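Read the structure below first, then the notes.
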Amino acid sequence: MITVIAIVTDGLVYAAWLFVVAIGLTLIFGVMKILNVAHGAFYAFGAYAAATAIGLYFDRGWPVVGGYLAIATAAIAIGLLMGYILERVFLRRVYGKDEVVVVLITYALFLILEDVLILIWGTDGRSAYQPYTEAGSFTVGGLPLSVYDIGLVGFAALLAIAASYTIKKTTFGRLLTAVIYDRETAAAFGVDVSRVYTVTFLVGAVLGALGGALTAPKISVTPGLGVEVIVLAFAVVAIGGMGSMEGALVGALIVGLFRAGAVHLIPQLELFSIYAVMALVLVFRPQGLFSRAQPRKI
Amino acid sequence: MTGLRILLGAAILGGLGAAAPFTPLWLISLVTLAMSTGLVVCGLIILWRGGLVPFGQALFFATGAYTVALSGRWFGVTDAFLLIALAVTMAALVAFVVGFLLAQYREIFFAMLSLALSMILYGVLVKSETLGSTDGINVAQASFFGMKPRGPGYTFALFWLALGMVFSAWLGVSAYLGSVAGQLAGAIRDNEIRVEYLGISVTRLVHLKLTISAALAGAGGALAALSISHVDPQMAYWTTSGGFVFVTILAGAASVPAAFLGALLFEIVRTIAVALLPGGWQLILGSVLLLTILFVPEGLGSLMIRKRATAPEKGAA
Amino acid sequence: MSALLSVNGLEKTFGQVVAARDINVDIPQGQTVGIIGANGAGKTTFVNMITGHLTPSAGTIRFEDRDITGLPSRTIMRLGIARSFQVAQVFPTFSVFENLCAATAIARSGTSVIGAALSRFVSAETSADAETAIAQFQIAQFRDALASTLPQGVRKLLDIAMATAGNPRVLLLDEPTSGISLEEKFGLMDVIMGALKARGTTILFVEHDMEIVQRFADRVLAFYDGTVIADGSPAEALGDERVREFITGTLIRSKDGKLSAGRASHA
């Protein structure tokens, strides 16, 4: 029984983290048809920026609550900065090119940014555990639960609600839907597609950076942490259906729970389980769970 | 391919082989490694021409490499030719099986699904003690028809073996590219519906391409395993696949020799970069990749090759 | 006499929408059949079902006394039913010659991809077949032009020429003259029919221009609301009251006595 509870709680925490990372990836893909490998770099930079901010903040001995604000500020700032540079300088040039070519561009950017990260922060690991430990923990039925982790799940839930609200109820959401559905028609009806792209990319970048920033207090922040994230996030997005927000949520839950299950029951299969479940989903629903199949036309 | 070209190719490779004893050993090892990469890239070209970009070719590369390592460790197989044959067979077999899933996909989905499949293997290799876990396995020195050269002789033997593999791959891949199936790559990229209505299955064609490219990747993996005398999970990692894609972009999909030259350039730049700028390898790799895609999208190979009026293929899809 | 192509109770529904219903047609060897009907009447659905692009919801399609209902399009093609497309389907980065080589090479190498890997793309046989098709369809002057640069009419011819590479017994042409100017339509149809008659192919063609139907068809199938409302000689079918009401609309009799739908024939 305790194992089941552990699997569910761990799975939820893991899913929350995956969702924050994956929703940025799926948003950018859905709107811009760009599979952004550099999303892993947003994540890594977010984690480093947050670790730095936490270090600076807690060294001064300021109240703990502000530390969370510092994390968010650092992530948003670095996300906006990187998103802006990448979109303006590089991606603008390749809009409308073959999707695979664009993936390669973002892959190249990712490689470059990985080394830039080391140039800025060095190769030594950093820890910024204060926000995690200061939040405290309690036990439920003999199982320790961290308040920070619960906060993470809460944040992911809020994010899901906010995303759903934005898409369905706001003007920008309608513009997004229009562009996702048919870019040319949307442009013909006067939607400023270029602006929608910029905003989307910035939002996606900030979400990627936030994912990293929120994870920073839980781990030792070391170079190379962006690599696994991008592959995992892709697995989530592929399971859910590329470009689908609901898909990202369901995909994150599936991957999160499967991984937690594997970790507790058969630890050797941890990584394997994630991709196996992805392959399984794709065998039966090649387009992912929440994506419409596109009929071929003659 | 004309007899003259075959003769010329044989002469160049023969010359390289003859020059080996007068060449520093480190350079021979480097070229051998470059040829293993070149073999994988040959396979990528086959897919590339059909508009398919695999981000997980390391799956087959690592399958080949581990087949060599494990055949030696478990069954005591040491004959280099047998090891390579086994590696090629295993890689092709894995591709044949995963092909039933993978061949239904195109474009980004093909790319990322192949990546995910390679990560499954990576996950298994990293976690499995019997397969050497993160440390990998050492590969015993191979024998050649019962002969067991040691020291510099072993390096030469591997080099000559590599030359032979390159020559066979060149002939085989050129023949394939000139076949109906090979030429239909451009047709698949252009218009799948038309190909189906000419009476042949696109899915099966892609499946075939995948299997052939995997066999080449397996051969490359086997050669790399023998040349490095070690295999580790990194060989299945997605950055390894990224390196293959990188060389393909650099070389372009236009010609087989360009693939090997691209691979050689790649190994040289890597060696220099690692020596001079230890932290800057990815930076250089990424920048070259970015500049190549933005300014020479057909690959550097396209700069060396005269445009033929009847060449239907283009480099990047 | 048994029909070459025999369609019984054919039906296709997409959810609530009935695209085709209760279609019963027998086509004997050697006939040239014009298919008419307004947009959405079920003509292309009919063609798509016969050629395997769509699986019928009900009914059977028999070809040479063999049930081909629901087979994949490439298998149907192999059995001897080919088609052309409303929007010409060619390989834009191939030249005309290479497009035809692709078609003839596949026709010669067989269904197996292994066979395709072992036979040469440009061989004496495939080139000869390609050159024959180029001559028959009168597109020699475009032989080495990339398909993406071809004029619309030539692209249509190439599309049809590729469809005939396997010497099909039945060829379905989906609006062969759509997108072609009025002046060129007859010339184009003359070339197509000339090339196909030489091969003795049974032809079904979808067409909106009644003059073309009258001139080239031995028999007309008139589609309305997903089914065949008239089936007979051009004179019979075009004279049918319901055909006049639903399809051809106000018929205008031109000077030479031909009928055309809704507009004066070209001057």
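Labels for the chains are A, B and C, by order of writing; each one numbers its residues from 1.
Criterion: a contact is a pair of C-beta atoms (placed from the backbone, for glycine too) under 8 Å apart; a residue touches a chain by one contact, two chains touch by 3 or more.
This one's a predicted model, so the numbers in the text were calculated from it and none came from an experiment.
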| item | value |
| --- | --- |
| Most remote chain, CA-based centroid, reference being subunit B | C |
| Geometric centre: closest chain by C-alpha means | B |
| Whole-Å gap between the CA centroids of subunit B and subunit C | 45 |
| Mean-CA-position distance for subunit B and subunit A (Å) | 33 |
| For subunit A paired with subunit C, centre-to-centre distance based on mean C-alpha positions, whole Å | 51 |
| Residue list for subunit B, restricted to those that touch at least two other chains | 193 |
| Contacts with 2+ other chains: residues of subunit C | 85, 89 |
| Shared-contact residues (touching 2 or more other chains) in subunit A | 298 |
| Residues of subunit B that touch subunit C when the two form their complex | 176, 178-184, 186-187, 189-191, 193-201, 204-205, 207-208, 212, 309-310, 312-314 |
| Contacting residues of subunit C [partner subunit B, same complex] | 51, 72-74, 77-78, 82-83, 85, 89-95, 97-98, 101-103, 105-107, 109, 111, 113-122, 144, 162-163, 165-166 |
| Subunit B to subunit A touching residues, read off their complex | 51, 53, 55, 101, 104-105, 107-109, 111-113, 115-117, 119-120, 122-124, 126-128, 193, 238-239, 242, 245, 249, 279-283, 285-287, 289-290, 293-294, 297, 316-317 |
| Subunit B partner contacts - residues on subunit A that touch it in the complex | 35, 90, 93-94, 98-101, 103-105, 107-116, 118-119, 123, 227, 231, 234-235, 238, 242, 267-272, 274-276, 278-279, 282-283, 286, 296, 298 |
